[in-house]
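Two complexes are shown next, each including chain A; its partner changes from chain B in the first to chain C in the second.
Presenting the complex of A and B:
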């Protein structure tokens, strides 16, 4: 394997802050000399307070490698230290330190023709969105399916963009908490074996599977996928949740 | 000089920062990280083996392993994803006891696991009372999510070195990168030197 780019701290400048859901915002960043990334990788962010205190957290990259800016989608964790600053206080023009890209396993680079199945819990869709954006940017013909579990329709990240995706990408949403809106044609309730079977592709075609979300969601989804017959070695997992701060 | 983020401040001031390596924060949960599905190994199919560059290869069944003298240890653990957890209590077998039985010839080892995960370590870092094969956490059998039936416990290194679902150690004469070490993470992983990634 080729040695990845040296990981040094770089200065990121916020170009734009976009509201995604009531709890999540996307920061569009200018990062001079960004070495590029693969869809699915993450970065470390380091903030410095006026008294010199520093804190670091990891965030998935939501933008495609082809996009002209680096995008991070941050979900606000109410008692967190870093995320409330990034979602509530940081504004365009502000700067912080960032390094990456990090992680070489939970990635999809489009070099295989195998279908992909993406399974997301809540804001776990962010690194999977990078994969779908990479898929779109490259005009990939790979059969790609997304199952996104969200509490309510308002909690669905990138909703308009997901709605606009077309074959060979298929997007399925399940709403787990609030009553579904009138006319809702998607799934409701927690992820299940039947839901995964309906979404496909079937294990026999050996898709690469990427699961990302809070730990209980990932544990359950990965367990169901293996029970359905997916090869464990093809099921990639990434977890995050409130502990991400 | 790093830019100052005005309005950003320390939220938790009650942390014993002398126990917190650089760039870490304290958590009271026990987060789970792994690259794939959690394997579930039944105890009657579990064995622990030490193989490779050793004088005598040796294996233990679950029952034999349980019969080995165990130790209770309380340690702080540090995950490369930035969380640290203080005063975690484990029961397991001191790796010194296991190495005595095999007499290593090589200076390195690769811990190998159900699910295909591996992690590499110098023998020196699992000798001298620095590492255990742990099978109880917090007074309970170790949960599969956290690496049960048994995991390596090497608290002085970032926690990915404490390989979950460990099934054996392969002693090697040369250092061979494990799973995360092959994906850009640091080969050694000392949290106090903040050795997170290969170039740190």
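Presenting the complex of A and C:
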């Protein structure tokens, strides 16, 4: 995809606000002259207060390139400068500035037949969801596996949509904090070597690996993946700060 | 992703870098002066405070520093940056 050389700030209008979890909402946006994006890219969002003070954050794009609107999933950070406005106050019709799409490193465009392993901590699943949605929209045959680490089942983003995914996509969830609900058949506890081995695919088939989440989660996951034998250059990481910023 | 004031990835500051380089820079590769390893800019570690510092993911040596001032960027680069033509 040809990228415009210089990023410019565009005015996005909120078309719809969707509740995802108690702490996260998805904003469906209309952005005039949006040039399109690749799965895994992000945007910078800039809010300007009446006194001119500006705050800027980056958010992954959660929608597929094929979708007709741009979607960002925002997790509320209680002392954040940007996310509480986007999750609590902004309503359909409101506008804010964004620029993008940004990034070429943490991208899956479906042009390779190599399997993909997606590893998410909490709301780090957003750019990986864009990849899975792109996978679905293109009818991809690529073996795709997601391991999502969440505090509790209620914190799992896109739960119904993930449940509905079928081969060649396989979705695994591990619950790290609350006791698992009765009949839970997924993993529990923090991500481990055994868990990654069970999810696969094995390093020998050289999957592309994408890890996104809070910095400590990504550090740990990347370390385990390399220890298991995944080639470091195939392990793409996107860290977003101590707890999600 | 919601970036905050701590160690993220080069990818997380890609918007600012694209403003400076006028091209997508996270897929460019850099050979570290200190350890000799080559990594994509997107895989470097980014630390933000008054400005942004990029560090080699292997050895932690400084790869770049960037400050955004009202009318200019102040930029320093180290190592060999390989940008696709």
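The working rule: the second predicted complex is superposed on the first by the 235 of 245 C-alpha atoms of A that agree within 3 Å, B and C clash if a C-alpha of one lies under 4 Å from a C-alpha of the other, contacts with A are read in each partner's own complex, and residues count from 1 in each chain.
Quick note on the criterion: a residue touches a chain if its C-beta (ideal position, glycine included) is under 8 Å from a C-beta of that chain, and two chains touch if they have at least 3 such contacts.
The shown structure was predicted, so the numbers you read here are calculated from the model rather than taken from an experiment.
> Using the superposition on chain A, tell me whether chain B and chain C clash or fit.
clash
> Tell me which partner A:223 touches in the superposition: chain B (first), chain C (second), both or neither.
first
> When the two structures are overlaid on chain A, which partner does A:60 contact: first (chain B), second (chain C), both, or neither?
Touch status of A:60: second partner only.
> On the A-aligned overlay, A:49 touches which partner chain: chain B = first, chain C = second, or both, or neither?
first
> Once the shared chain is lined up, is A:75 touching chain B (first), chain C (second), both, or neither of them?
A:75: touches chain C, not chain B.
> Return the chain, chain B or chain C, that is in touch with more residues of chain A.
The partner with more contacted residues on chain A is B.
> Output check: A:126 vs chain B and chain C. Expected answer is one of first, second, both, neither. What do you get?
second
> One more residue to check, A:11. First (chain B), second (chain C), both or neither?
After superposing on A, A:11 lies in contact with chain B but is clear of chain C.
> In the overlaid three-chain picture, which partner chain does A:215 touch, first (chain B) or second (chain C), both, or neither?
both
> Is A:85 touching the first partner chain B, the second partner chain C, both, or neither of them?
first
> Pick out the shared contact residues on chain A: the ones touching chain B in one complex and chain C in the other.
In chain A, residues 3, 6-7, 44, 57-58, 80, 82, 102-106, 215, 236-237, 239, 241-242, 245 are touched by chain B and also by chain C.
> Report the residues of chain B in contact with chain A in the complex, numbered from low to high.
Going through chain B, the ones touching chain A are 2-12, 23, 25, 27, 29, 31-39, 81-83, 115-116, 145, 179-180, 182-184, 196-200.
> Looking at the complex, which residues from chain A come into contact with chain B?
Listed in rising order, the residues are 1, 3-4, 6-9, 11, 44, 46-51, 53-58, 79-82, 85, 89-90, 94-97, 102-106, 215, 218-219, 222-223, 225-226, 232-233, 235-237, 239, 241-243, 245.
> Quick check: in the complex, which residue numbers of chain A touch chain C?
Against chain C, the touching part of chain A is residues 3, 5-7, 42-44, 57-60, 74-75, 77, 80, 82-83, 99-100, 102-106, 123-124, 126-127, 212, 215, 236-242, 244-245.
> Quick check on the complex: what are the chain C residues that touch chain A?
1-12, 14-15, 18-19, 22-24, 26-27, 40-43, 45
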